[in-house]
Amino acid sequence: MPITDTQKEELSDLETQVGPTRRDSSPGLEEVLYKAFPVLDHGFVRVIDYMGNDNAIVQAARVSYGKGTKKVSEDRGLIHYLLRHSHTTPFEMCEIKFHIKLPFFVARQWIRHRTANVNEYSARYSILDKEYYIPSPEHLAAQSAINKQGRGDSLSPAASQEIIEQLRKESEHLYAQYEKLLNEDNQGNSLDSEKEGIARELARTTLSLNFYTQMYWKIDLHNLMHFLALRADPHAQYEIRVYADIMLDLLKRWVPLTYEAFIQYRKEGARFSQNGLKTLKTLLKGTPVTQEESGMTKREWQEFSEMLDLTR
Amino acid sequence: MPITDTQKEELSDLETQVGPTRRDSSPGLEEVLYKAFPVLDHGFVRVIDYMGNDNAIVQAARVSYGKGTKKVSEDRGLIHYLLRHSHTTPFEMCEIKFHIKLPFFVARQWIRHRTANVNEYSARYSILDKEYYIPSPEHLAAQSAINKQGRGDSLSPAASQEIIEQLRKESEHLYAQYEKLLNEDNQGNSLDSEKEGIARELARTTLSLNFYTQMYWKIDLHNLMHFLALRADPHAQYEIRVYADIMLDLLKRWVPLTYEAFIQYRKEGARFSQNGLKTLKTLLKGTPVTQEESGMTKREWQEFSEMLDLTR
Amino acid sequence: MPITDTQKEELSDLETQVGPTRRDSSPGLEEVLYKAFPVLDHGFVRVIDYMGNDNAIVQAARVSYGKGTKKVSEDRGLIHYLLRHSHTTPFEMCEIKFHIKLPFFVARQWIRHRTANVNEYSARYSILDKEYYIPSPEHLAAQSAINKQGRGDSLSPAASQEIIEQLRKESEHLYAQYEKLLNEDNQGNSLDSEKEGIARELARTTLSLNFYTQMYWKIDLHNLMHFLALRADPHAQYEIRVYADIMLDLLKRWVPLTYEAFIQYRKEGARFSQNGLKTLKTLLKGTPVTQEESGMTKREWQEFSEMLDLTR
Amino acid sequence: MPITDTQKEELSDLETQVGPTRRDSSPGLEEVLYKAFPVLDHGFVRVIDYMGNDNAIVQAARVSYGKGTKKVSEDRGLIHYLLRHSHTTPFEMCEIKFHIKLPFFVARQWIRHRTANVNEYSARYSILDKEYYIPSPEHLAAQSAINKQGRGDSLSPAASQEIIEQLRKESEHLYAQYEKLLNEDNQGNSLDSEKEGIARELARTTLSLNFYTQMYWKIDLHNLMHFLALRADPHAQYEIRVYADIMLDLLKRWVPLTYEAFIQYRKEGARFSQNGLKTLKTLLKGTPVTQEESGMTKREWQEFSEMLDLTR
């Protein structure tokens, strides 16, 4: 299932094809269209199709705001303005379609973003390939350390290595069992003609959540930015963040002006509460404020201080 | 507002431009891209952008059903199969964007289809043009006759003509008043420099529902077919149906195989109730069934008989 | 159409009824259930039904976060935490249903919030009542002043009064014409038995956007807060803001803890861009920053300064 | 995780509580509120909350259709009419919230219904219990036979039993390994104080898709019927169908009139294509039609014949 043969044929036809269109294009994205960017040990992200570019956003905004937007002399300013003021509908006018290969447990998080269209490989009808995710030793240790929140030592390199060997052995064993239950290999050939296999829809339930699936995923630019704001973020699990990070690069290629505004107003910006804002005003007047006076909880105070480099 | 000058410039740039793309195209739709198809007295529908074609549906289905779909030897069969069995997600993989000019009262019906993206001209910020919808005498008479459901005579040609004159006079009057309230014309020039105009957001509230607005409307193919099934239908109001009829032609250009399946399985198909199905089975065995025996109400029985040409 | 007789009967049955339920309730909202809160000159907002309360949010969060949330010792803290960190799904577990009477032009803005359910009165099938919105002289003047953005004097009281008289006269005229076109009154009685009226679906198109319609509107708590954040805001048009303001009070009655968090983290909080945040850090270190150095545009700098009371 | 202790407390408080409300209730659903209906070997479905009943649908329809609906003399007729003619918005006015325990592979299918709200137990933060799904021997054999589509013999009882033993052994093994990787039990107690465990978010990826999760799932009545039409259907996988079947009973308790209409017009009704309808008309006139003449494919012809009991 890395990519099926049928897909490969179709995609290589597409990759070599360059045709004329009267549609507007995104030169940056055209360069990498269909290209599979590797993620994790067996996954990938590739852009399969798209509609619109920065111009499409400007155009849509001008339908809405009519002649009034003539004043906004240039596209960059308008796009920044729209994002700053959460006028999100013009961004919905662009659409992108990805082909993604990812472990089940990542797909389960991914799919929680409901305002998108999905076609996932169905293990009810087809046989999954022997591809499973095994974390690298560094990430195994790092994630464990973060999750313990400093309550313990990190895993030693030796301990990490041992666990990884075990994970690999287990996944191999599960796949062997899967084939035996099906009594067919992933080409659909019977393994033991004397025996009956069980239904594919049941056999798949014995595989673990680190096995890979793949899907087509289509989303508009506004909702994509929402996805990226949540998933290309240190709070997201490492295994979904690496996908989001690559998609952030693809965003930059597709709609460079929007990307710039996204970084400025969403990704690297910050939100303050009513108490945070009041505290800021006082501090800026040169008056010190304590956590108690601020009305914030200890945790909020800490987050506030970190955001503003107030801790030393 | 027929199309603003800014839009005209942008669009004529786009219309003459033909560029290379590695994306798959729809030759039938490329031919009419950006072309405004007139609707009613001042409205239009034009396709501004699109993503995907019949191939994209087949491709998405093959991701889902994997190797299993190899058996379905050809695309036409697969698309028919998907639509017949309501496997709708592959159709969500195609997207289309329209630019539509339409009266307010049509826009109000249109917008009830929520699974779409919209950018509408804002009369809060911009001034509406003097464009309003007046029905033709035939439609005025025809719609009124239907609505009376045979309870009265049709409007006479003379009566229709008289009403139409009155509608036109009234709309002209409302627009003149609108300009006076704004104290500016639609180029933003002050009319009477001695006076103050009222806010655009308030002045617009005095215009009637037959004035024209315009919008960009983007929707996926699955939801477009749902829209067309409801609106390109005799039960829909004439003034929205004429838009849907043109979009049905555009559907045929864009995705000819899907169009064919849509006509076959949705538009010209029929749904029967449990009682209807039971009655059909009995009738096909050669046994007559009365309305009372069928379990259907009189109205259902009539609908049932009409669908099957059983009335004479 | 203030409220139809059928509705009145049904609602008065409901209002007097108190029945037992095993569902959890919101005592604050029960007190005002079905009560119509007047808005503008003929509009209202009333809560017709609801599901869930602050407890429901806590419960849903605990399903998600499992035993881990035991540590969050109390509900208030958990709700604040969820809203601060944009964990929005637990708020989707509460639902509310409103009955709203509002002018067409307000309904047109309202309906742009797509993640909600709507049943609107249909003037295709029924006759609209003679109810239209006329701004008060103060709001007429105030909105016009704001929209002119200081480019002119306010309307004088005399000018406002004159305009209002004219608006009223015009609306009366339009309704009289509507009845004449229909050739029936709003009880469905024929006015002139010698003549034919035109279809309701066409007659309605002659009424202006300040006439009233009504709808049932159902939305989950997360999306309601999004609506209120945009519409109970000084940038929103006055005529929709007054509805949102009342709904904000209803929010407080329904889910008091969530209301508190909403005010703290959304409504009265503020978002800063990457440049804004960088500027804040520098200022807090005691180093002055100019607009040019900040990387912000003049307009952003002004917004930044106003948010932080930095202007004098 | 069958139900956490915190949940048990909360739910038992709720179950014994009966309070007054001015909201309309559904007596049939109140009787079983909070009750867990067992599904599969460890799963359940329970209704946690709801809003509205058959009356709410009628009320909403009357807002839409105004005085016109007075003619529809009774609620039953109106609800049947609405469903027959796909006037779906009034059904969106009712909402229901379920608490569901189900295997991962069922949850993955479930979640594809996007127009719903979900809070799922997070194994990123909490530890999963030792609960996994093992099919019964009959279903293992039955599902496998269907999937082979007559291409082989069924599994023998002995073969089924053997496979089931193996599945159970494997799941036990995976859970033991999960605990060892975590180095804690599901109360959060450390197992081996000398060792470090790995992060919960990684350990969970080693469990197989037959392990149980749980979620709160909230949906409106229209979308629930769509879910049930697809999932309480012979084409759905057995393991999701058993959930849907129970929810169908809950639908009957909640909105008995809607349930009746749903069975009549959706569940037990049938849809015919354009060719099917044409063939029906010819057959009803007494003229025989062959598959070739019908324009249907062999497979369509077979489906057509089966629906109408035309095969012998």
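In order of appearance the chains are A, B, C and D, and numbering begins at 1 in each one.
Going forward, a contact is a pair of C-beta atoms (placed from the backbone, for glycine too) under 8 Å apart; a residue touches a chain by one contact, two chains touch by 3 or more.
Owing to the predicted nature of the structure, the values given are computational and were not obtained by experimental measurement.
Listed by label, the chains touching chain A and chain D alike are B, C. Between B-D and B-C, more C-beta contact pairs join the chains of B-C. Separating the CA-averaged centres of chain B and chain D is a span of 34 Å. Remark: chain C and chain D have CA centroids separated by 35 Å (rounded to whole angstrom).
Computed from the mean C-alpha positions, the centre of chain B lies at a distance of 29 Å from the centre of chain C. Within chain C, contacts with two or more other chains are made by residues 118.
The part of chain D that touches chain B in the complex is made up of residues 77, 80, 84, 86, 230, 263-265, 267-277, 280-281, 283-284, 297, 300, 307-310.
Contact residues on chain D toward chain A in their complex (touch as defined above): 103-105, 107-108, 111-112, 114-115, 118, 124, 133, 135, 140, 143-144, 146-148, 152-156, 159, 163, 166-167, 170, 174, 177, 181, 195-202, 204-210, 237.
Contacts from chain A toward chain B in the complex involve residues 1, 4, 6-7, 10, 14-15, 17-25, 30, 33-34, 49-52, 56, 59-68, 70, 89-90, 92-93, 95, 97, 99, 117-122, 125-127, 188, 214-216, 218, 220.
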